[in-house]
Amino acid sequence: MTSLEKLIAVEDIKQLKAAYFRCMDTKGWEEFPDLFTQDAVFDVRGALEMPKPEVDYAKQPVIAGRVAILDFVRAGITPLISIHHGYMPEIEIISPMTAKAIWAMDDTLLPPPGGPFRKFQGYGHYFETYAFNGRWRIATLRLRRLHVEITS
Amino acid sequence: MTSLEKLIAVEDIKQLKAAYFRCMDTKGWEEFPDLFTQDAVFDVRGALEMPKPEVDYAKQPVIAGRVAILDFVRAGITPLISIHHGYMPEIEIISPMTAKAIWAMDDTLLPPPGGPFRKFQGYGHYFETYAFNGRWRIATLRLRRLHVEITS
Amino acid sequence: MTSLEKLIAVEDIKQLKAAYFRCMDTKGWEEFPDLFTQDAVFDVRGALEMPKPEVDYAKQPVIAGRVAILDFVRAGITPLISIHHGYMPEIEIISPMTAKAIWAMDDTLLPPPGGPFRKFQGYGHYFETYAFNGRWRIATLRLRRLHVEITS
(Lines give C-alpha, C1' and ligand atoms only; values in the text may rest on other atoms or scores of the structure.)
Protein backbone atom coordinates (compact mmCIF):
# COMPACT_ATOMS: atom_id res chain seq x y z
CA MET A 1 0.00 0.00 0.00
CA THR A 2 1.14 3.56 -0.61
CA SER A 3 1.49 6.04 2.24
CA LEU A 4 -1.58 7.84 0.93
CA GLU A 5 -3.67 4.66 0.93
CA LYS A 6 -2.60 4.01 4.51
CA LEU A 7 -3.51 7.55 5.60
CA ILE A 8 -6.95 7.18 4.00
CA ALA A 9 -7.47 3.91 5.87
CA VAL A 10 -6.35 5.51 9.15
CA GLU A 11 -8.87 8.34 8.77
CA ASP A 12 -11.61 5.90 7.74
CA ILE A 13 -10.99 3.82 10.87
CA LYS A 14 -11.08 6.95 13.04
CA GLN A 15 -14.48 7.78 11.57
CA LEU A 16 -15.64 4.18 12.03
CA LYS A 17 -14.81 4.36 15.73
CA ALA A 18 -16.42 7.80 15.96
CA ALA A 19 -19.63 6.33 14.55
CA TYR A 20 -19.36 3.51 17.11
CA PHE A 21 -19.32 5.99 20.00
CA ARG A 22 -21.98 8.26 18.47
CA CYS A 23 -24.38 5.38 17.75
CA MET A 24 -23.93 4.04 21.27
CA ASP A 25 -24.52 7.37 23.02
CA THR A 26 -27.36 8.58 20.77
CA LYS A 27 -28.88 5.09 20.67
CA GLY A 28 -28.52 4.84 16.89
CA TRP A 29 -29.23 1.14 16.79
CA GLU A 30 -30.01 0.98 13.06
CA GLU A 31 -26.56 2.19 12.08
CA PHE A 32 -24.72 0.34 14.86
CA PRO A 33 -24.56 -3.30 13.68
CA ASP A 34 -22.99 -2.51 10.29
CA LEU A 35 -19.96 -1.10 12.13
CA PHE A 36 -19.00 -4.71 12.96
CA THR A 37 -18.12 -7.68 10.80
CA GLN A 38 -20.72 -10.49 10.76
CA ASP A 39 -18.62 -12.61 13.10
CA ALA A 40 -17.09 -9.80 15.20
CA VAL A 41 -15.94 -10.57 18.75
CA PHE A 42 -16.78 -8.12 21.54
CA ASP A 43 -14.83 -8.67 24.74
CA VAL A 44 -15.71 -6.35 27.62
CA ARG A 45 -15.37 -9.04 30.27
CA GLY A 46 -14.87 -7.47 33.67
CA ALA A 47 -15.12 -3.95 32.28
CA LEU A 48 -18.46 -3.09 33.82
CA GLU A 49 -17.62 -3.52 37.47
CA MET A 50 -14.80 -3.10 39.90
CA PRO A 51 -12.47 -5.99 38.97
CA LYS A 52 -12.95 -8.79 41.51
CA PRO A 53 -9.79 -10.80 42.14
CA GLU A 54 -11.80 -13.94 42.80
CA VAL A 55 -13.36 -13.89 39.29
CA ASP A 56 -11.48 -15.43 36.35
CA TYR A 57 -12.76 -13.16 33.61
CA ALA A 58 -10.92 -15.19 30.95
CA LYS A 59 -13.36 -18.01 31.65
CA GLN A 60 -16.39 -15.83 30.96
CA PRO A 61 -17.81 -15.89 27.44
CA VAL A 62 -17.23 -13.06 24.97
CA ILE A 63 -20.02 -11.69 22.80
CA ALA A 64 -19.71 -13.19 19.30
CA GLY A 65 -21.40 -11.95 16.18
CA ARG A 66 -22.86 -8.65 15.07
CA VAL A 67 -26.41 -9.47 16.14
CA ALA A 68 -25.37 -10.60 19.62
CA ILE A 69 -23.23 -7.46 20.01
CA LEU A 70 -26.18 -5.25 19.09
CA ASP A 71 -28.46 -7.10 21.50
CA PHE A 72 -25.93 -6.88 24.32
CA VAL A 73 -25.09 -3.20 23.89
CA ARG A 74 -28.65 -2.09 23.22
CA ALA A 75 -29.98 -3.91 26.29
CA GLY A 76 -27.28 -2.39 28.47
CA ILE A 77 -27.44 1.16 27.16
CA THR A 78 -31.15 1.69 26.50
CA PRO A 79 -32.13 2.53 30.09
CA LEU A 80 -29.06 4.75 30.66
CA ILE A 81 -27.57 8.03 29.67
CA SER A 82 -24.12 7.07 28.37
CA ILE A 83 -21.13 9.12 27.30
CA HIS A 84 -18.25 7.28 25.63
CA HIS A 85 -15.12 9.05 24.43
CA GLY A 86 -12.11 7.74 22.54
CA TYR A 87 -8.68 9.31 22.46
CA MET A 88 -5.22 9.05 20.98
CA PRO A 89 -5.51 6.15 18.54
CA GLU A 90 -2.48 4.15 17.52
CA ILE A 91 -3.73 2.68 14.24
CA GLU A 92 -1.61 0.30 12.21
CA ILE A 93 -2.69 -0.65 8.69
CA ILE A 94 -1.41 -4.19 8.20
CA SER A 95 -2.77 -4.79 4.70
CA PRO A 96 -5.52 -3.39 2.45
CA MET A 97 -7.92 -5.70 4.32
CA THR A 98 -6.67 -5.73 7.91
CA ALA A 99 -5.70 -3.22 10.55
CA LYS A 100 -5.37 -2.94 14.30
CA ALA A 101 -5.44 -0.15 16.86
CA ILE A 102 -5.21 0.83 20.49
CA TRP A 103 -7.54 3.59 21.71
CA ALA A 104 -7.58 5.26 25.10
CA MET A 105 -11.17 5.62 26.30
CA ASP A 106 -13.46 6.62 29.09
CA ASP A 107 -17.15 6.18 29.65
CA THR A 108 -19.77 7.56 31.98
CA LEU A 109 -23.00 5.66 32.63
CA LEU A 110 -25.93 7.34 34.37
CA PRO A 111 -28.79 5.00 35.27
CA PRO A 112 -32.28 6.37 35.92
CA PRO A 113 -33.26 7.16 39.54
CA GLY A 114 -33.56 4.00 41.59
CA GLY A 115 -30.86 2.18 39.61
CA PRO A 116 -28.08 0.08 41.15
CA PHE A 117 -25.76 3.10 41.29
CA ARG A 118 -25.85 6.79 40.48
CA LYS A 119 -22.81 7.07 38.24
CA PHE A 120 -20.30 4.72 36.67
CA GLN A 121 -17.03 6.11 35.30
CA GLY A 122 -14.59 3.82 33.54
CA TYR A 123 -11.15 4.43 32.05
CA GLY A 124 -9.07 2.14 29.89
CA HIS A 125 -7.97 1.09 26.45
CA TYR A 126 -9.62 -0.66 23.53
CA PHE A 127 -7.49 -3.16 21.65
CA GLU A 128 -9.14 -3.66 18.28
CA THR A 129 -8.74 -5.24 14.87
CA TYR A 130 -10.53 -4.22 11.71
CA ALA A 131 -11.43 -5.81 8.40
CA PHE A 132 -12.08 -4.09 5.07
CA ASN A 133 -14.78 -5.39 2.79
CA GLY A 134 -16.28 -2.44 0.94
CA ARG A 135 -15.80 -0.46 4.15
CA TRP A 136 -13.80 -0.86 7.35
CA ARG A 137 -15.57 -2.67 10.18
CA ILE A 138 -14.60 -3.67 13.71
CA ALA A 139 -13.56 -7.34 13.70
CA THR A 140 -12.50 -7.71 17.34
CA LEU A 141 -12.80 -5.37 20.32
CA ARG A 142 -11.23 -5.97 23.71
CA LEU A 143 -11.56 -3.45 26.56
CA ARG A 144 -9.06 -3.38 29.40
CA ARG A 145 -9.53 -1.04 32.33
CA LEU A 146 -7.14 1.29 34.08
CA HIS A 147 -9.75 2.25 36.64
CA VAL A 148 -13.44 2.07 37.43
CA GLU A 149 -15.29 4.42 39.77
CA ILE A 150 -18.85 3.74 40.90
CA THR A 151 -20.82 6.40 42.79
CA SER A 152 -23.71 4.97 44.75
CA MET B 1 -11.14 16.54 -5.26
CA THR B 2 -8.40 13.97 -4.86
CA SER B 3 -8.14 11.78 -1.78
CA LEU B 4 -5.07 13.77 -0.76
CA GLU B 5 -6.90 17.10 -1.06
CA LYS B 6 -9.68 15.71 1.11
CA LEU B 7 -7.23 14.48 3.76
CA ILE B 8 -5.59 17.90 3.87
CA ALA B 9 -8.99 19.54 4.33
CA VAL B 10 -9.88 17.06 7.09
CA GLU B 11 -6.70 17.86 9.02
CA ASP B 12 -7.19 21.61 8.47
CA ILE B 13 -10.70 21.40 9.91
CA LYS B 14 -9.43 19.43 12.91
CA GLN B 15 -6.92 22.21 13.56
CA LEU B 16 -9.61 24.87 13.06
CA LYS B 17 -11.73 23.23 15.74
CA ALA B 18 -8.68 22.82 17.98
CA ALA B 19 -8.07 26.56 17.71
CA TYR B 20 -11.75 27.16 18.57
CA PHE B 21 -11.38 25.24 21.84
CA ARG B 22 -7.97 26.70 22.67
CA CYS B 23 -9.08 30.30 22.05
CA MET B 24 -12.17 29.78 24.16
CA ASP B 25 -10.36 28.24 27.13
CA THR B 26 -7.32 30.51 27.05
CA LYS B 27 -9.49 33.56 26.30
CA GLY B 28 -7.74 34.22 22.99
CA TRP B 29 -10.36 36.68 21.79
CA GLU B 30 -8.21 38.27 19.08
CA GLU B 31 -7.80 34.99 17.20
CA PHE B 32 -11.33 33.72 17.91
CA PRO B 33 -13.57 35.67 15.48
CA ASP B 34 -11.61 34.73 12.35
CA LEU B 35 -12.44 31.08 13.04
CA PHE B 36 -15.99 31.86 11.88
CA THR B 37 -17.42 33.08 8.59
CA GLN B 38 -18.78 36.64 8.63
CA ASP B 39 -22.37 35.39 8.77
CA ALA B 40 -21.78 32.27 10.86
CA VAL B 41 -24.67 30.87 12.90
CA PHE B 42 -24.03 29.72 16.47
CA ASP B 43 -26.80 27.63 17.98
CA VAL B 44 -26.31 26.56 21.58
CA ARG B 45 -29.96 26.99 22.53
CA GLY B 46 -30.74 25.04 25.66
CA ALA B 47 -27.16 23.83 26.02
CA LEU B 48 -26.29 25.85 29.08
CA GLU B 49 -28.88 24.52 31.49
CA MET B 50 -30.74 21.37 32.32
CA PRO B 51 -33.21 21.08 29.41
CA LYS B 52 -36.64 22.25 30.58
CA PRO B 53 -39.53 20.43 28.90
CA GLU B 54 -41.71 23.53 29.11
CA VAL B 55 -39.30 25.62 27.01
CA ASP B 56 -39.48 25.49 23.21
CA TYR B 57 -35.82 26.06 22.45
CA ALA B 58 -36.50 26.12 18.68
CA LYS B 59 -38.32 29.42 19.24
CA GLN B 60 -35.32 31.03 20.89
CA PRO B 61 -33.00 33.06 18.68
CA VAL B 62 -29.62 31.75 17.52
CA ILE B 63 -26.50 33.92 17.56
CA ALA B 64 -25.86 35.19 14.02
CA GLY B 65 -22.65 36.73 12.73
CA ARG B 66 -19.02 36.56 13.76
CA VAL B 67 -19.15 39.69 15.90
CA ALA B 68 -22.25 38.59 17.81
CA ILE B 69 -20.67 35.16 18.39
CA LEU B 70 -17.54 36.74 19.82
CA ASP B 71 -19.59 39.03 22.06
CA PHE B 72 -21.73 36.15 23.29
CA VAL B 73 -18.89 33.72 23.99
CA ARG B 74 -16.56 36.33 25.49
CA ALA B 75 -19.24 37.63 27.84
CA GLY B 76 -20.07 34.11 28.97
CA ILE B 77 -16.54 32.80 29.37
CA THR B 78 -14.62 35.80 30.69
CA PRO B 79 -15.62 35.39 34.36
CA LEU B 80 -15.16 31.60 34.30
CA ILE B 81 -12.52 28.95 34.10
CA SER B 82 -13.64 26.83 31.14
CA ILE B 83 -12.37 23.55 29.74
CA HIS B 84 -13.79 22.42 26.39
CA HIS B 85 -12.73 19.20 24.72
CA GLY B 86 -13.66 17.74 21.34
CA TYR B 87 -13.47 14.12 20.34
CA MET B 88 -13.92 11.69 17.50
CA PRO B 89 -14.77 13.92 14.54
CA GLU B 90 -16.71 12.58 11.60
CA ILE B 91 -15.68 15.11 8.94
CA GLU B 92 -17.10 14.97 5.42
CA ILE B 93 -15.55 17.13 2.71
CA ILE B 94 -18.45 17.92 0.37
CA SER B 95 -16.60 20.17 -2.09
CA PRO B 96 -13.42 22.29 -2.12
CA MET B 97 -15.49 25.02 -0.43
CA THR B 98 -17.86 23.16 1.90
CA ALA B 99 -17.65 20.51 4.57
CA LYS B 100 -19.58 19.25 7.54
CA ALA B 101 -18.79 17.34 10.71
CA ILE B 102 -20.08 15.84 13.92
CA TRP B 103 -17.87 16.15 17.01
CA ALA B 104 -18.41 14.59 20.41
CA MET B 105 -17.67 17.15 23.13
CA ASP B 106 -17.71 17.95 26.80
CA ASP B 107 -17.19 21.14 28.72
CA THR B 108 -16.57 22.10 32.31
CA LEU B 109 -17.40 25.61 33.53
CA LEU B 110 -16.13 26.85 36.91
CA PRO B 111 -17.55 30.21 38.01
CA PRO B 112 -15.76 32.29 40.62
CA PRO B 113 -16.80 31.89 44.27
CA GLY B 114 -20.28 33.24 44.85
CA GLY B 115 -21.48 32.33 41.35
CA PRO B 116 -24.81 30.69 40.54
CA PHE B 117 -23.27 27.22 40.77
CA ARG B 118 -19.91 25.65 41.58
CA LYS B 119 -19.42 23.49 38.53
CA PHE B 120 -21.17 22.90 35.21
CA GLN B 121 -20.37 19.79 33.20
CA GLY B 122 -21.94 19.27 29.80
CA TYR B 123 -21.72 16.42 27.30
CA GLY B 124 -22.98 16.29 23.74
CA HIS B 125 -22.26 16.67 20.05
CA TYR B 126 -21.52 19.58 17.78
CA PHE B 127 -23.10 19.46 14.33
CA GLU B 128 -21.15 21.87 12.15
CA THR B 129 -20.64 23.08 8.63
CA TYR B 130 -17.55 24.79 7.27
CA ALA B 131 -16.71 27.08 4.38
CA PHE B 132 -13.36 27.53 2.65
CA ASN B 133 -12.29 30.97 1.53
CA GLY B 134 -8.50 31.19 1.84
CA ARG B 135 -8.87 29.09 4.97
CA TRP B 136 -11.54 26.87 6.50
CA ARG B 137 -13.96 28.59 8.89
CA ILE B 138 -16.96 27.48 10.92
CA ALA B 139 -20.15 28.43 9.03
CA THR B 140 -22.76 26.89 11.34
CA LEU B 141 -22.45 25.31 14.78
CA ARG B 142 -25.25 23.52 16.59
CA LEU B 143 -24.75 21.91 20.00
CA ARG B 144 -27.01 19.12 21.21
CA ARG B 145 -26.63 17.70 24.70
CA LEU B 146 -26.53 14.13 25.93
CA HIS B 147 -26.37 15.28 29.53
CA VAL B 148 -25.81 18.29 31.75
CA GLU B 149 -24.66 18.15 35.37
CA ILE B 150 -24.71 21.20 37.61
CA THR B 151 -23.05 21.10 41.04
CA SER B 152 -24.34 23.79 43.36
CA MET C 1 8.06 18.89 1.90
CA THR C 2 4.99 17.78 0.00
CA SER C 3 1.51 17.93 1.53
CA LEU C 4 1.54 14.15 1.74
CA GLU C 5 4.85 14.09 3.60
CA LYS C 6 3.47 16.63 6.06
CA LEU C 7 0.30 14.59 6.63
CA ILE C 8 2.39 11.48 7.30
CA ALA C 9 4.47 13.41 9.83
CA VAL C 10 1.31 14.77 11.50
CA GLU C 11 -0.11 11.27 11.93
CA ASP C 12 3.26 9.95 13.16
CA ILE C 13 3.40 12.67 15.81
CA LYS C 14 -0.16 11.90 16.90
CA GLN C 15 0.86 8.26 17.38
CA LEU C 16 4.05 9.32 19.20
CA LYS C 17 1.97 11.31 21.69
CA ALA C 18 -0.51 8.44 21.97
CA ALA C 19 2.36 6.13 22.92
CA TYR C 20 3.50 8.73 25.48
CA PHE C 21 0.11 8.64 27.22
CA ARG C 22 -0.27 4.86 26.93
CA CYS C 23 3.21 4.15 28.30
CA MET C 24 2.63 6.51 31.19
CA ASP C 25 -0.77 5.09 32.17
CA THR C 26 0.11 1.42 31.64
CA LYS C 27 3.57 1.91 33.18
CA GLY C 28 5.34 0.86 29.99
CA TRP C 29 8.72 2.10 31.12
CA GLU C 30 10.76 0.15 28.59
CA GLU C 31 9.11 1.84 25.64
CA PHE C 32 8.84 5.27 27.29
CA PRO C 33 12.36 6.74 27.09
CA ASP C 34 12.73 6.25 23.32
CA LEU C 35 9.77 8.61 22.83
CA PHE C 36 12.12 11.46 23.78
CA THR C 37 15.31 12.79 22.24
CA GLN C 38 18.49 12.15 24.26
CA ASP C 39 18.56 15.75 25.49
CA ALA C 40 14.81 16.35 25.72
CA VAL C 41 13.51 18.99 28.11
CA PHE C 42 10.47 18.22 30.26
CA ASP C 43 8.89 21.24 31.91
CA VAL C 44 5.93 20.52 34.19
CA ARG C 45 6.89 23.13 36.75
CA GLY C 46 3.91 24.05 38.87
CA ALA C 47 1.65 21.58 37.09
CA LEU C 48 1.28 19.15 39.94
CA GLU C 49 -0.26 21.43 42.53
CA MET C 50 -2.58 24.34 42.84
CA PRO C 51 -0.46 27.23 41.47
CA LYS C 52 0.86 29.24 44.40
CA PRO C 53 1.27 32.94 43.63
CA GLU C 54 4.26 33.21 45.97
CA VAL C 55 6.27 30.61 44.01
CA ASP C 56 8.30 31.68 40.96
CA TYR C 57 8.03 28.51 38.95
CA ALA C 58 10.33 29.91 36.26
CA LYS C 59 13.16 29.66 38.80
CA GLN C 60 12.58 25.98 39.40
CA PRO C 61 14.66 23.54 37.35
CA VAL C 62 13.22 21.63 34.41
CA ILE C 63 13.92 17.94 33.87
CA ALA C 64 16.63 17.58 31.22
CA GLY C 65 17.52 14.43 29.34
CA ARG C 66 15.70 11.24 28.48
CA VAL C 67 16.99 9.30 31.46
CA ALA C 68 16.09 12.00 33.96
CA ILE C 69 12.61 12.26 32.41
CA LEU C 70 12.08 8.53 32.76
CA ASP C 71 13.28 8.60 36.38
CA PHE C 72 11.04 11.56 37.23
CA VAL C 73 7.89 10.22 35.58
CA ARG C 74 8.37 6.63 36.74
CA ALA C 75 8.94 7.69 40.34
CA GLY C 76 5.85 9.90 40.27
CA ILE C 77 3.50 7.50 38.50
CA THR C 78 4.51 4.09 39.87
CA PRO C 79 2.50 4.29 43.11
CA LEU C 80 -0.56 5.81 41.40
CA ILE C 81 -3.34 4.97 39.04
CA SER C 82 -3.01 7.63 36.33
CA ILE C 83 -5.21 8.51 33.38
CA HIS C 84 -3.82 11.02 30.87
CA HIS C 85 -5.73 12.12 27.80
CA GLY C 86 -4.73 14.37 24.92
CA TYR C 87 -7.07 16.23 22.64
CA MET C 88 -7.27 18.46 19.63
CA PRO C 89 -3.67 18.75 18.47
CA GLU C 90 -2.49 21.70 16.44
CA ILE C 91 0.61 20.19 14.82
CA GLU C 92 2.85 22.24 12.55
CA ILE C 93 5.55 20.49 10.52
CA ILE C 94 8.34 23.05 10.23
CA SER C 95 10.84 20.94 8.29
CA PRO C 96 11.51 17.23 7.67
CA MET C 97 13.37 17.23 11.01
CA THR C 98 11.39 19.61 13.23
CA ALA C 99 7.80 20.13 14.26
CA LYS C 100 5.80 21.72 17.04
CA ALA C 101 2.34 21.28 18.50
CA ILE C 102 -0.17 22.38 21.09
CA TRP C 103 -2.30 19.67 22.72
CA ALA C 104 -5.21 20.11 25.09
CA MET C 105 -4.92 17.61 27.94
CA ASP C 106 -6.30 16.42 31.21
CA ASP C 107 -5.03 13.97 33.77
CA THR C 108 -6.42 12.15 36.76
CA LEU C 109 -4.11 10.83 39.47
CA LEU C 110 -5.37 8.40 42.11
CA PRO C 111 -2.91 7.67 44.92
CA PRO C 112 -3.27 4.55 47.04
CA PRO C 113 -5.24 4.79 50.30
CA GLY C 114 -3.42 6.91 52.84
CA GLY C 115 -1.86 9.15 50.19
CA PRO C 116 -1.64 12.93 50.40
CA PHE C 117 -4.98 13.31 48.54
CA ARG C 118 -7.67 11.10 47.11
CA LYS C 119 -7.85 12.45 43.58
CA PHE C 120 -5.95 14.96 41.48
CA GLN C 121 -7.53 16.28 38.28
CA GLY C 122 -5.58 18.64 36.04
CA TYR C 123 -6.51 20.44 32.83
CA GLY C 124 -4.26 22.36 30.47
CA HIS C 125 -2.19 22.41 27.33
CA TYR C 126 1.09 20.85 26.29
CA PHE C 127 3.37 23.02 24.17
CA GLU C 128 5.81 20.68 22.47
CA THR C 129 8.52 20.45 19.85
CA TYR C 130 9.63 17.33 18.05
CA ALA C 131 12.73 16.14 16.23
CA PHE C 132 12.98 13.49 13.52
CA ASN C 133 15.94 11.14 13.45
CA GLY C 134 14.73 7.80 12.09
CA ARG C 135 11.50 8.44 13.97
CA TRP C 136 9.77 11.44 15.55
CA ARG C 137 10.59 12.06 19.21
CA ILE C 138 9.55 14.67 21.77
CA ALA C 139 12.31 17.30 22.02
CA THR C 140 10.66 19.72 24.47
CA LEU C 141 7.47 19.47 26.49
CA ARG C 142 5.96 22.30 28.51
CA LEU C 143 2.69 21.90 30.41
CA ARG C 144 0.57 24.90 31.34
CA ARG C 145 -2.55 24.50 33.42
CA LEU C 146 -6.03 25.91 32.99
CA HIS C 147 -7.16 24.39 36.27
CA VAL C 148 -6.21 21.92 38.96
CA GLU C 149 -8.66 20.21 41.32
CA ILE C 150 -7.49 18.22 44.32
CA THR C 151 -9.95 16.10 46.31
CA SER C 152 -8.73 15.32 49.79
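Lettered A, B and C in written order, each chain numbered from 1.
Basically, contacts are C-beta pairs under 8 Å (C-beta built on N, C-alpha and C of every residue); 3 or more make two chains touch, one makes a residue touch a chain.
Just so we're clear, the structure is a prediction, and the values are computed from it rather than from any experiment.
Given which chains touch which, is the overall layout a line, a ring, a star, complete, or other?
complete
Chain B-chain C contact: same residues or different, taking over half shared as same?
Different, since most residue numbers here occur in only one copy.
Return the distance between the CA-based centres of chain B and chain C, expressed in whole Å.
26
Which residues belonging to chain A are in contact with no fewer than two other chains?
Only 4, 7, 87 qualify.
List the residues on chain B that touch chain A in their complex, please.
Residue positions touching the partner: 3-4, 7, 10, 87-91, 102, 104, 106, 123, 125, 146-147.
Tell me, which parts of chain A touch chain B in their complex?
Counting only chain A, the residues touching chain B are 4, 7-8, 11, 14-15, 17-19, 21-22, 25-26, 81-83, 85-87, 108, 110.
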